[in-house]
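I have placed the structure first, in the form of structure tokens, so that the comments after it can refer back to it.
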Amino acid sequence: MQGIIEKVTELLDNGTVDRVLAWKAGEFSYDRTPAVFDKESGLYGLVYDSFCVNNLSKYLIEESKKDGKVLVLMKPCDSYGLNMLIKEHRVDREKIYVLGVPCKCKVSVDKIKATGLTGILDIVEEGNDIKVTTVYGDTTLDRKDVLCDKCMVCKDKVVVVYDEKIESDETAGIEKLDRMAEVEALEAMTPDERFNFWRSQLSKCIRCNACRNVCPICSCTKCVFDNDNTGISSKANVDSFEENMFHIVRAYHVAGRCTDCGECSRVCPQNIPLHLLNRKFIKEMNELYGTYQAGTDAEAKDPLTAFTKEDAEPSVIYNR
Amino acid sequence: MLKFTSDQMSTLFSAISAMKTLYVPVEKGGEVTFGVWSETEKVRLDALKTVKSAKDLFFPQAETMMGFKMEGKNIEIQVPEEKMDEFVVFGVRACDAKSFEVLDNVFLAEPVDTYYALRRKSGIVICAACTRPEESCFCNVFGIDATAPAGDIVTWTVDGTLYWEAKTEKGEAFTAQLSEYLAEATAEEEAAVAAQNEAVKAIIAKLPYANLKVDGFTGDRMMEYFNSPKWAELYQACLGCGTCTFVCPTCQCYDIRDYDTGHGIQRYRCWDSCMYSEFTKMAGGQPRLTQLERFRQRFMHKLLYYPMNNNGLFSCVGCGRCVNKCPISMNIAKVIKALGDE
Amino acid sequence: MQVNESSKEFKPCIVAFCCNWCSYAGADLAGSNRLSYPADVKIIRVPCSCRVNPLFILRAFQRGADGVILCGCHPGDCHYTTGNYYARRRMTMLFSMLDYLGIEKERTRVEWVSAAEGAKFAATMNDFISTVQSLGENRKLRDLRCKE
Amino acid sequence: MHKIGVFVCWCGSNIAATVDVKAVAEAASKEPCVVYATDYQYMCSESGQNLIIDAIKEHNLTGVVICSCSPRMHETTFRKAAQKAGLNPYMVEIANIREQCSWIHKDMAEATAKAIVLARAAIAKVQLNKPLIAGESEVTKRCLVIGGGIAGIQTALDVAEAGFPVDIVEKKPTIGGKMAQLDKTFPTLDCAACILTPRMVEAGAHENITLHTYSEVEEVSGFVGNFTVKIRKKARKVKMDLCTGCGLCTEKCPMKKQPNEFNMGLDKRGAIYIPFAQAVPKVPVIDVEACLKFKTGKCGICSKVCTAGAIDYEQQDEIIEQKYGAIVLATGFDQIKPTKFGELGYSQYPDVVTSLEYERLMNAAGPTKGHLLRPSDGKPPKEIVFVQCVGSRGQSCRDKSYCSKVCCMYTAKHAILTKDHYPDTNIHVFYIDERTPGKNFDEFYRRAVEQYGVDYIKGQVGKVYEENGKLMVQGSDLLANEQITLAADMVVLAAAIEPDKTARSLGTMLTASMDTNDFFTEAHAKLRPVESPTAGVFLSGMCQGPKDIPETVSQAGAAAVKVIGLLTKDKLLGNPCVAHSDEMLCNGCSQCARVCPYGAITYVDKEFRVPGPKRVETRRVAVVNEAVCQGCGACTVTCPSTAMDLKGFSNRQIMSEVDAICK
Amino acid sequence: MSSVNNEREEILRMSGVDPTKCMKCGKCSGTCPAFDAMEYHPHQFVSMVNKGNIEPLKQSNAIWQCLSCFACMERCPRDVKPAKLIEAVRLTVIREQGMNHLESENVPCMLDPELPQQAIVSAFRKYSK
């Protein structure tokens, strides 16, 4: 944290960058808001800790349109999204200075609350301990138990695009879970069970569009669901079909482009496991068309804009 | 004050649902929401906040207003019936109960929104006093007593016993229908209820947002707030999603849309969000072109425009849902603080 | 047994997207050769199988289709050289997602039919219809508002 | 608000017998925007078209739906009619109620109901149609002919005579093709070389014809009128401009052990060789696989003996790029090697030969200098058995399903020529059917039987085996209902012909479709037999299907006429149903360009007015080159914001059809 | 008539042969090693079964003279499989005679380990009358 502040201050002072996109501390000890700092405002409130979970890459679309150069703190998993934005010409790389920052997995407040804690007044992180003070009493939790779900299946800890990076050998000390285990569990169900699972999940959707708006890949100038001329626009799930439709189409539009950053599931107010839709596509593409990780670089063709003459026929779906 | 004589809530619920449709907080797909009670539903009276507020029952996220049917080249208009069976909603918190007042001011003022009015007339609100407020709560800021909600009937739960008090005529009448399950509470028991209420209020006073100041949001300072440079900083991270709006118990904006079913048109209305870029889009475009303007609109409306038109009643009830759910942790409490600092 | 009886009476609504160059011509050839298949199939002509957006398929189900089939040139024979290769991947992904959501995967199909394969076109349609008939009405993926 | 007219065609009884056309018109008239609906016996007839024209004028129609046969039949007819009435031709939609309705359904009620749905879908679509105006593109007035056999030569000559430059690409070192290998031609028995070589020379010398021999097409891009082709000119290792064709090098080459392709491997050639005496160009080529200089670095005799200094061991392949307005495929054929027919002993016995090998054995320029000598011991054969239909007309994996068409006639020719030269030879022909449907063909065959006493046996050969130095041919004589065994000195197999192996890759490059046998398909089997479905690509000769020389030549001429017709035009009207990007929706993400097979999409930075303090922002947006776009629509699906749409098949149009069908 | 037709259908069903595919080239009979021993030849089986003229075939020795070597099947360019037809006619005769099938327990002692599998099966069918 201190190293980051120093580096940022240096780059701001020597004129390399004009602004800094980072996280700002909030009212509680855990709420972090993406924010832009500059020389004028100073770095007051800039924070980088276990609660800085938001993916900042999408903000660069707007930030890189502005004059001057913006420094961005880039966590490993968010850097894939940035590469995709570069690949799709959505950001101006020249106007961005990427400072890679290390990540030892983020802590999920929702998971802390799910242990039954409420009325939280303060959370202090000490090594592997998360000390929580609430109006109803104090508790200490093991950090490993309250890590974000997406961190439990982390791709790796490498920032894939950067101008400079700050290294750290701190790790969360956890054993990574199999990223596809949840998808496989669903695949193992009968179609009716799967249908019921998704019905119970998707019927919760309130069409707040948080998943779409937070997604670094969903960066359309105008989304098809907001565009009355597409014939499929809608603001609410009036029928259960529309719940399916919205999420199938969204997953499909980002298929082959989704970096699996997990933001969609994190921001969902109804906690719908939306990442399981994206991950299904990732799994299928990996299995049928070869392993591919979107955002590893800014050039490779994604599986849906490529083909081989020997590709599996769609009937491969029926035969399993 | 009455008390419910059984320790099985399901006894009460089955009695109510024998008479009317009963909505209670139930868990569906891991989240708590108001749903129709049945023996098989997982009731979650312990949940402090449902994801969507009780507003959904009176002003549903989507509702059909009318239909048009085309037969050859003739058009037939189908208007829904203006009749509805009475229903009961149990477990409404003080904040949500207050939100009905905010909504009534909008929908029941002339011209009356008949769809909303019909639901309000048909619905009996049974409130549940809070026992375990959390850090995102700040209803007290708006003068709401979490232990004395404003419903047709108010209930308190102390040591597993449900205490009951009818507050309106509608509430009285309904209470009478349930007399066989209710008995007069003793003075001691009433004292226990009061004691618990005091304890809850003491907790609320300790919560981080308990001391937010909203006195400064007065109509005469409207332009000052409108032109505040703080907005530029506050809106910066806003994703423009509708989460805050859709979990908010007082947001009342809607869009009216026509859906072509292939056999005719269904005209329905659905919640809209002033955070959306397409909000109030008209032939000439939308009036608020930037996210800053849209962001500002939402809070200006909650804290200034609405109170100015409704005798100082804020259209925020401090439920804290937006505090919990905003993807970027921006919320009205932060706005109040930031603007209030001036 | 009763199921069979009712499924026989069930007239499914089937949408067939056919590419202009091969499959639509194949359908025409089936017609010229008087090779019959049930009237439940209605063909929509598209320039190439790669023109078929998953939206169209979802739309068909929304509106009450019981099955959707996409026919294009055989891989390697695409009039536009590569269109059907893209279509193949796109449809594989879409079908896999529908299956993942618990929707009967047999309601969707891709079949390559050349302009010379009138008989294959008719046989494909007959087979697809009987598959969809055995599945019965599409209930999982349709918009109830569109039901008359 | 549209005003739509619906016209339901009876197609005589083709539609009206199964579809209640009146009911269709009646139902259509109730659809939104339909102001006029009628039915008529033959909409495509002149009076039918006039009916449409009059209705458009009278009712001020803005859209027209014709319920008739397939749009592949008459879409153009009806579009032209609409245009005559002042309506944009793309405001016409066809509901295919013949091929896809009346012809396949028997139940009138069912067929009528379906026809109504199809009409409804077309009505729904036409309401979203927009007037389209076809773009124009320049025509490059140059023709490429791929293949330098008689088909290619004839097409090239005809096109060149009309004044257009033509390039011939031939993969072999000389033009001439298969016809150059033939001895005599049926049924007139004139010498193939005598009639072919003048044409070869003419092609070689024609001011409008450029020969690219020993060359192959490497890459094709573009579209009708505007093809760009890369041609690989393989290194001959001999400088064409210096070589005098004296042939000294070929005589002196020490590596004379190479099987001579021209003589079907029946004799040998050197590592540097001229395929045959009348080759055009008469320039040798070095077979680097066989050449000692290339294998060991030593030798170099050819270079030493060449007085012109034409030998160039350093010569490299050269890629040339050229633009063409039209491309003619004249890739010809090959005869299969009947190695899979073990029972016929082709691989086992040298005296079992294919007819093309026999052709060379008969030819004066052949390995035996025109003396019929059998390959095994060089003795003249006395008993010869011909077997027809080897590998043709079959359904097993070793057979071609089609009739090779020329075998009956050339077998008769072989029999006659053999008997003519060697009257004491006994000739037997096993045949299944004798197919002689051509001018003077049957007479020719009858001559073989009646005049020359050739023994035609109705039946097939079951096996060939050797016994006492004789080839024993066991077969059935169906008319006698006997199994017979003949002792032969030679067996000649009329092996099936097949399209040249390179045709498939060319087909893929040109997007010219092929049938399952790898013959190129024609745009219409009856009405457009020399055009490929891909505009600007024409078919000449055997690559389209088996045919004899006169048929090939007439098809070559027909293809030339089509080419000339195209090249005479200065501009071509394009297909207006092309992709279009809505720049207000475009994200500039480049996904569409990644799937475009034509490279038709480019990106520009464009300024847009935006809300906010800056008022203007520069955005990268896609632009479609409408002349290059072929309208496949691959880009439209890749575009997540639906900025990219296809004119004439827009998202909304297709969805409206879906809606109408699923109603 | 109908019984003749039924017999034809039954033989076609048993053999899986479509005699209309035959182009009458005679290759089967040109190939057949047992041609001279057979009263009716393979190509005749195809055309006679197709015409429903089955009785003479059933009565003839040809069905027992066929070696079931399948050379005709191998060589047939049209994939007609005359040997299967012959076998089907033979089987029809055997079925009409009833009973006299081999007992399964007697099979092993009759096996010659040198015999190809196909020949064993054909031979059992043929000689177990």
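Letters A, B, C, D and E mark the chains as written, and numbering starts fresh at 1 in each.
One rule holds in what follows: contacts are C-beta pairs under 8 Å (C-beta built on N, C-alpha and C of every residue); 3 or more make two chains touch, one makes a residue touch a chain.
Since we're looking at a predicted model, the values are computed, not measured.
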Original post:
Just how many steps, at minimum, does a route from chain D to chain E need if it may pass only between touching chains?
Top reply: 1
Original post:
Can you name the chains that touch chain B as well as chain D?
Top reply: A, C
Original post:
More contacting C-beta pairs: A-D or A-B?
Top reply: A-B
Original post:
Taking every chain's C-alpha mean, which one sits closest to the mean of all protein C-alpha atoms?
Top reply: C
**OP:** Farthest from chain D by Cα centre, which chain is it? Let me know.
**Re:** B
Subject >> Chain of greatest Cα-centre distance to chain A >> reply: E
**OP:** Express in whole angstrom the distance between the two chain centres, defined as the mean CA positions of chain A and chain E.
**Re:** 71
Original post:
Hey, how far is the Cα centre of chain B from the one of chain C, in Å?
Top reply: 47
Subject >> Distance between chain centroids, defined by C-alpha means - chain C, chain D (Å) >> reply: 31
Subject >> Inter-centroid spacing, chain E versus chain C (mean Cα positions, whole Å) >> reply: 43
Original post:
Got the chain D residues that touch at least 2 other chains?
Top reply: 595, 638, 651, 655, 659, 662-663
**OP:** Check each residue of chain C and list the ones that touch at least two other chains.
**Re:** 54-55, 59, 63-64, 76, 82, 86, 90, 143, 145-146
Subject >> Residues of chain A engaged with two or more neighbouring chains >> reply: 238, 304-306
**OP:** Provide the full list of chain pairs in touch.
**Re:** A-B, A-C, A-D, B-C, B-D, C-D, D-E
Original post:
How about chain B: which of its residues touch chain D in the complex?
Top reply: 70, 72-73, 260, 262-263, 289-290
Original post:
Where on chain D does chain C make contact in their complex?
Top reply: 70-72, 96, 98-101, 103-107, 110-111, 113-114, 117-118, 121, 508, 511, 513-516, 521, 533-534, 577, 595, 597, 630-634, 636-638, 646, 649, 651, 654-655, 657-659, 661-663
Original post:
Can you list the residues on chain A that touch chain B in the complex?
Top reply: 26-28, 31-36, 41, 54, 59, 118-121, 134-136, 200-201, 203-204, 206-210, 212-214, 226, 234-238, 263, 266-267, 269-272
Original post:
Within the complex, which stretch of chain A touches chain C?
Top reply: 186-187, 189, 191-199, 232, 238-242, 244-245, 248-249, 251-252, 255, 277, 280-281, 284-285, 288-289, 303-309, 311-318
Original post:
What does chain D use to touch chain E in their complex?
Top reply: 343, 389, 393-396, 399, 430, 432-433, 458-463, 474-478, 481, 483
